[in-house]
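Both of the next two complexes hold subunit A, though its partner changes from subunit B to subunit C.
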Partner chain A sequence: MIEVRNSDTLLEVRGLHTYFYTYEGVVKAVNSVSYKLNRGEITGLVGESGSGKSVTAQSIIRLVKAPGRIVEGEVWLDGQDLMSCSEAEMQTVRGRKISMIFQEPRAALNPLFTVGDQISRVIQLREGCSRSVAENQAVEMMRAVEIADPDRRASAYPHELSGGMCQRVMVAMALSANPLLLIADEPTTGLDVTVQAQVLDLIRLRVKSAGSACLFITHDLGVVAELCERVIVMYAGRVVEQGPVAEIFSNPRHPYTQGLIASTLRVDIDKPISTIPGTVPDAVHLPSGCTFHPRCPFAEELCQQEEPQMVEAGRDHTTRCHIVSGRIEREMLEEAWTLETA
Partner chain B sequence: MTKANGEAFVQIRNLRKDFPIRIGMFSHVRLRAVDDISFDIPKGATMGLVGESGCGKTTAGRCLLRLIEPTSGEIRMGEHNLTDLKSEQVAQMRGRMQMVFQDPGGSLTPRMTIGAILREPLDLHTNLNAHEKDQRVRQLLSQVGLQPDHLTRYPHQFSGGQQQRIGVARAIATHPDFIVLDEPTSALDVSVRGQILRLLTQLQEEMGLTYLFISHDLSVIKHTCNQVAVMYLGRIVEIGSTEDIFGSPAHPYTQALLSAVPIPDPAQRGKERLKLPGEVPSPIDLPPGCRLYSRCPYRRDACLEPGPPLLQVGESHKAACILVDENVRLGGGNTPAALSQLA
Partner chain C sequence: MRLLQYVGKRLLQLIPVLLGVSIIIFTISHVLPGNPVYLFVGIDTTPEEIEAITKRLGLDKPLHEQYFIWLGNVLRGDLGDSWFTSESVAQDLIRRFPATFEMTTAALLLALALGVPLGVLSAVYRNSWIDNISRGITLLGVSVPSFWLGLLLIYVLFFLLRIFPPPSGRIGLLVSPPDRITGLYLVDSLVTGNWKAFTSSAEHLALPVITQALVTLAPITRLMRSSMLEVLGSEYIQAARANGVPDRQIYFRDALRNALLAPLTFVALVYGNLLGGSVVLERIFSWPGIGRYALESIVVKDYNAVQGFVLLAAVLYVLVFLIVDILYFVIDPRITA
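Showing the complex of A and B:
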């Protein structure tokens, strides 16, 4: 089957299901997830712990750890079907076409090698060049990510550098391969805000200048608002809403997105503390129907019985909610989130 | 946020904590984690202690409860001078001052049921009989929004938010006057964070609690505290009411910290920011002058001289920046605009 692809689309995920087979039962960590990433765009993947955001990323590079398994779905990267690649082909995709930045930079770096060594290895693999050439390029990469005194720092071990410095090294490593796609999994969680601002600037600058796509996983809506062009919101393994960043923040249609925005505290304006009642559901025993219904202030009987389908909610904006689709006639009031709930 | 009467309940004067760092076999260098900090917390109020990692906020909080021994300085709580007390006497005081920790799972003993965890402080600090303790434990559970059948469960059977509720219940078990909250919501999801913050505020109103709220998250501090102290490398660089600190921050560090916080509103993207280059320097053997010197965009030679002391910006608002004097004399505040004009 030949199909016309939007030339801006770099990565397309279609109907991805990744399940974990545990003793307690099957955990549907990623459940029928579909989205596209465009070149030169940063897409934020938001959700709370256990929503399946990291497993989505691991599924793209096919590094899901047992007992997890990709059950179903397609992942197309620049016209290449990653799900039908051999493991050897995948090896060249990882690192060359897709790079990843992890949450804990110190844990992701090898403690036994200097950071200069680790960056130059990536360059050597990509270019097939000599070691000394790669080492020089590594120093240049470190300069590019604004590491002061890169010549000296290149011979430092990860433990000799601060968390922010290690994260810069990770960014340098991830970008030295000139990847088509950069996946950043909570890259600034655990960094101080002043350092976070520097790392975000760096990622934005590098992604824009290289014209690559970036999937930025975070739980911080503030970071999304500042960095991303598009947003994907996940809840309990499902994408519940996606769209352009301005649209999602000014006109969120899914109750979960609304609650998430309402419960984000702000330093710039005064507002009462809002909260979503209840807790994230147990992954093995997900609620019936819409998985958000036990916490949703607008839920009705239909929400318990039937899972809502993805529907249009605006231009380039889709969501999964019976109220938006018109199956339930009801108004969603913002005040619902500020009410006291036990 | 509760209204507090003005009288200081917790008083900290010139608190200092040094840690010896071993270098080589025989020599030590000194790491001054907390350097000469002073503040008051009125009864029933919440004081926020904010700063980035390594600024000494947690060390300060632990010194306050004498969980670690301060090197020098004075801590008063009500009529007691905690620094004069012997360690046995401090142990007796523990029922009146408690702590809630950052990692809710890690701060609960995994082998004890919730019932046993909540009974422990009652065994140590009260003379209740078995029946009364039982009643108190049940009352505590309902106070923090948990069910009686949770008593026989173990910590791992609860979600992070529920574990933190247990941590709070344990802290309030002995009817304390003062609680140090050390990043109580940092490990929690956004949607659950609000629930814990509300619970803390509600308990404060019911029980007249005084809080020291330690956090690196400025938005949480803004929503929970009456007063705020900003720390950088062991020193308080700015202190004032929440409105002062968030409305008209006077220290360049506070200004940079506030402007670095991402705003969840795409419309505000690209706003002017005060950026600090580099990172927090090593806290070992710091020079005597302003700690921010190496990163401050407004620095001048005078900043290298010892100090600067906390200078009055407003009625209850002080900042440790030599430019405050100049700017206040000129009739304005120490605003970013005024600062950049001087620099």
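Showing the complex of A and C:
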């Protein structure tokens, strides 16, 4: 493989393996995952629950909860190898170079401290400034994420604020760092649609203006289409397809991506919603060959026996499928998805 | 301001609780079989004399009337006289309570001082040697009865090693107690600068306090460990880590305060129980506290004394919970008045 050193690349993940050692066996939550994130771009990371999206994010900042462990892989952030950093060095990366926004804003805030306290504390830690300076900055950050009446809200406790307000607080906390990389782990789940749009706008605005990169984890393809430049599709711990959003949405090559797109609700076209048959496989006992083969309408014998390699599927577009690589000669018909559910 | 409002409200709520307690105590002691009049009479007392005594004690009146008379007396601080010590029960309890209070408070403080850090360390260094040791100690602590542990400690630390004095009460037989200010020997001897009394009472406190603390420490450590583990696994701790907060701050600022919430109720429960006097330990260590007083009163059917003791224990219990509720209110902003 030819290595292209792109100066626009901010984060590069190479051959990341994160396993969970449970009583039932080893769960390969992240299994040989590689991708790049470019500056000024928002990259969507999509997949069903249990596909390894969140663990990928946790692995980048090296906060995988036990019994999980990063087994192998490299994570390069702006020329720095995060996997070989000491824990102390990592603490200066987290909250400074990489910030994270969590799925459940209320659960991600400490219930016993005011939100102003929590934001200013992070600022104080980072800047080493005085408490009052940090407090002022916290209020400014809250104003920047369009929290009305930030002075008063700063002294509120998380339980006194709505979910959307808490998420803005989290966004304010994450963005106060001016991070190189912003990881947003399903930041809009559980928010009203209008609030969701506002939070997404905030993230987009800040990423674009600061020239940082954003890894946006979601299972909502609609959000990806609207927000992201690139998309990475994960299935059972592996990246199955990645490329520019426009390309992937117009020309999805992996059957799983096709299924995902076919199963999103479209109001502009009159077509029945289809579903991908079956469920995400048992993480301990993954299917042989291509992990998607039991659910794939195009699967043939080879798919059960041999795992497909990542191959070019278009411009800057790669996927992992025997049909795309040409080892199986077969056409993938879009109707396959509607037929499955009929 | 908010706090004052809350405290006021909780104090008002105490009134019906204590009234209920007084009714229960009164009713139980009056419906129990046995006529207290017979405690005052001999074999050759005539029925007329018995009637006279019944009248004198007010036992001929209807039960509710008796209750109100009793309640009025209680409110004036009159718990009646003890038949056994022939002194006022209130005086008896006031004299003995500091002994119980001093021992149990010292034991609880020691248990907290050891149990909380041990539980926290166990959780932070889960499955390490320190966790294993702490789990060993707690397993021992919850399995060993306090009377056995007390006797063992007396045997080893007094009889064999002579490190501590014999279990002869609160202070050495040849040392005179400090002048009474609070009734707590340690405090009184410190205030009056009576070093001899201070060291002697400290030495005498040691064994019962260690015994009680070891037994109390075990469940506190266990609870602290599990509570801390739960908090450390929570989303907001993960979020704090993701924001680059160093471990030390995570443990002591973010996690500890949250982790203390759950064990607090348990500590209140234990302390409320202990303040009622540990009958067994006070007996083993000849400790002149209210637990032993209660035991002796029960044995000789000293109704007034038992009633007074139960009332005091109930009031203490309620007060401890009041304090804990106020603590919760201060620590946890989610609790509203």
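The definition used in the following text is that the second predicted complex is superposed on the first by the 334 of 342 C-alpha atoms of A that agree within 3 Å, B and C clash if a C-alpha of one lies under 4 Å from a C-alpha of the other, contacts with A are read in each partner's own complex, and residues count from 1 in each chain.
We take it that a residue touches a chain if its C-beta (ideal position, glycine included) is under 8 Å from a C-beta of that chain, and two chains touch if they have at least 3 such contacts.
Here the structure is a predicted model, which is why all the values come from computation and not from measurement.
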{"item": "Combined model on subunit A where subunit B meets subunit C, clash or fit", "value": "fit"}
{"item": "Partner chain in contact with A:T194 - subunit B first, subunit C second, else both or neither", "value": "first"}
{"item": "Touching partner for A:T279 - first (subunit B), second (subunit C), both, neither", "value": "first"}
{"item": "Broader residue contact with subunit A after superposition on the shared chain, subunit B or subunit C", "value": "B"}
{"item": "Contacts of A:D220 with subunit B and subunit C, given as first, second, both or neither", "value": "first"}
{"item": "Partner chain in contact with A:L175 - subunit B first, subunit C second, else both or neither", "value": "neither"}
{"item": "Partner chain(s) touched by A:E104 [first = subunit B, second = subunit C, both, neither]", "value": "second"}
{"item": "Subunit B versus subunit C as contact partner of A:I203, first or second or both or neither", "value": "neither"}
{"item": "Superposition-derived minimum Cα distance between subunit C and subunit B (Å)", "value": "7"}
{"item": "Interface residues of subunit A shared between complexes with subunit B and subunit C", "value": "none"}
{"item": "Subunit A-touching residues of subunit B, taken from the complex the two chains share", "value": "52-53, 145, 159-162, 189-195, 197-198, 201, 216-220, 222-223, 246, 256-258, 260-269, 273, 275-276, 278-280"}
{"item": "Partner subunit B, residues of subunit A touching it in the complex", "value": "48-49, 148, 162-165, 192-198, 200, 219-227, 245-246, 249-250, 259-261, 263-268, 273-277, 279-280, 295, 340-342"}
{"item": "Complex contacts: residues of subunit C adjacent to subunit A", "value": "233-236, 238-246, 249, 254, 257-258, 331-334"}
{"item": "Of subunit A, residues touching subunit C in the complex", "value": "61, 63, 65, 91-96, 98-100, 102, 104, 107-112, 114, 121-122, 125-126, 157, 159, 170, 173-174"}
